[in-house]
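Order of writing sets the chain letters: A, B, C and D. Residues in each chain are counted from 1.
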Amino acid sequence: MKKILVLHGSSREGGNTEQLTNLALEGIPHTSMYLREKHIKAIEDKRHAPEGFQPVDDDYDDIIHAVLEHDILIFSTPLYWYGMSGHMKDFVDRWSQSLRDKRFHFKEIMSKKQAHVIITGGDQPRIKGLPLIQQFQYIFSFMNMEFAGYIIGQGNQPGDIMNDRRAVEEARVFNERLKSS
Amino acid sequence: MKKILVLHGSSREGGNTEQLTNLALEGIPHTSMYLREKHIKAIEDKRHAPEGFQPVDDDYDDIIHAVLEHDILIFSTPLYWYGMSGHMKDFVDRWSQSLRDKRFHFKEIMSKKQAHVIITGGDQPRIKGLPLIQQFQYIFSFMNMEFAGYIIGQGNQPGDIMNDRRAVEEARVFNERLKSS
Amino acid sequence: MKKILVLHGSSREGGNTEQLTNLALEGIPHTSMYLREKHIKAIEDKRHAPEGFQPVDDDYDDIIHAVLEHDILIFSTPLYWYGMSGHMKDFVDRWSQSLRDKRFHFKEIMSKKQAHVIITGGDQPRIKGLPLIQQFQYIFSFMNMEFAGYIIGQGNQPGDIMNDRRAVEEARVFNERLKSS
Amino acid sequence: MKKILVLHGSSREGGNTEQLTNLALEGIPHTSMYLREKHIKAIEDKRHAPEGFQPVDDDYDDIIHAVLEHDILIFSTPLYWYGMSGHMKDFVDRWSQSLRDKRFHFKEIMSKKQAHVIITGGDQPRIKGLPLIQQFQYIFSFMNMEFAGYIIGQGNQPGDIMNDRRAVEEARVFNERLKSS
């Protein structure tokens, strides 16, 4: 059975994005990682430094090990300023280091994974969230990962998301599809 | 005379983005802030918490005070995974806190500023950087800031940017326009 | 009760886009116009000509009169080369003439209408259809029309669309929302 | 020497787009085709019809023969409603027929060509023209054509384009690059 990992990018516990994500995964075994609970340093670009990238003392490795061990990755993030949260961006930026990490074949392993994106936002997310979808598309395409789909929900106040009929239905379809696969 | 602040998002000193930005500002007085030298914590969303946002012990305030005192803001960032760097994203995310900071009228002051964007990237940046331009457009539009323009340069190896004739010319036009304004 | 007009942009009768649109409108009274059955000349830009725009002998006026008399407009088009069909583009281009037509206050009347978009495509439409969604956003925004939502379906062979669970569910949610409004 | 074909999409003679395009091609031998002078019927999708596509009595073949005989294609179009003109869209839509035309190997021949895009618009074209750039990217990518670059100019009133310093400089750089290649 395929192993599912959810990377939660929100800085707030139990927010709209998490609620929508939980709905999408109801009854489906999965692992959750909350990036806000992890210490992830912003990348220091050492691609062109003579010494190259050096080990970094933070929680990035824990997360990336979990990522490597799962088959399906769900990137769940609220729209922060029309992009993924800084927590998630700091995490993704570090992939540049993993690409050069000799302990594992990062790109090769990642290319076998399937990615999904779940985002929510308060300001016309189905329009203003599209650049983020396009950015994810470029990210996954670079890594040769399958971009299997995305859900965009609308909500501002806590719990709003449950009133977004369309997002709720999409989460339900997502759930059924995942269960039957 | 208008005061210019450059917010450098790169994690690497003297990289292509900085070179292009320096070219664009040659002979023009300006302040530079290097986000990589600052300690900026990722936002903790307290919009819906009873206690609201609390003071954060890091360098964000220093930067935002500089921002508020300048008229023209230049967001200079390499494309990291087809977005702004995590350093810059962590900074921008914190604006959500400033919007609720009673010490100043953040949105009102910001709405009088003019924004420019300078980005460079190695993988078809003039196509794959467009979602980031659209994201900046939504950011500035939300803040009622003028999005005066952007330059996209191509470069991978250190110094490459100087071979991007089009970006170099755009930096020159930008420079002349800024000097004559 | 609100009057609904569907503008069908497909050049093929009964294709996937029409099927999805019919599903979305099941049991809801509406008017359908098939642009392929109309003769619509491409615009001749006369904005700067001394004589201005002149009457054009084709079916455009019939369509625009129908448009003006309805409250909800549904732009239904297959993705042709990642954009709306030429039939629909020729129609929309002519709005530039209507904006200067003294017989009616085109922009003012249009600003009271609500717009929906339904598109289907065969090549990753949920990603590659996003520029078209953004284009429609700019179009409706220019006209001060409400962009109430969009559905993107996937299908290549005739009838494929019925296997796109997500699109079918979205059409159903759309249908219920329209019925209850 | 590489043969250059410009496909002019404007419906107006000598407008801003044409001026910018002429500037970009100053002193460089090339062929110009003005789509507004041609009769191009909108496509009738016969992919799934038993009889398939049938010969169409219009000027499309003349244009496509010219296209096939040139090495560099320049798509020059004003932004009409944030997209290419209907004239150009009707032309591109017909490629679906050429893909199935047994007289030539359309996709194979096209894949050897280099494409450039020149657009001008009056309403923030450097932002609101980006979906069109992304659409062209998908079009050329589908055809395996090289998307060598684009110029976006701003202009509303006739002749405005000459005041767009940035576009004028980009046209100059484009010109030099083409001359030296």
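Everything below uses one rule, namely that a contact is a pair of C-beta atoms (placed from the backbone, for glycine too) under 8 Å apart; a residue touches a chain by one contact, two chains touch by 3 or more.
These numbers were taken from a predicted model, which means no experiment stands behind them.
Path length between chain B and chain C in the chain contact graph, taken as the least number of steps between touching chains: 2. Least step count on the touch graph, chain B to chain D: 1. When each chain is reduced to the average of its Cα atoms, D sits farthest from chain A.
One inter-chain figure worth recording: chain A and chain B are separated by 24 Å, centre to centre, where each centre is the mean of the chain's CA atoms.
Centre-to-centre spacing of chain A and chain C amounts to 34 Å, using the average Cα coordinate of each chain.
A separation of 38 Å divides the Cα centre of chain A from that of chain D.
Multi-chain contact residues, meaning those touching two or more other chains, occur in chain C at positions 130, 134. Taken pairwise by the contact criterion, the protein chains form one closed cycle in which every chain touches exactly two others. Two chains count as a pair here when they touch; such pairs are A-B, A-C, B-D, C-D.
On chain B, the positions that touch chain D within their shared complex are 126-127, 130, 133-134, 137, 147, 149-150, 165-166, 169-170, 172-174, 176-177. Interface residues of chain B, counted against chain A in their complex, comprise 10-12, 15, 36, 42-46, 48, 78, 80-87, 89-90, 92-93, 95-96, 123, 128, 130-132, 134-135, 138-139, 142, 157-158.
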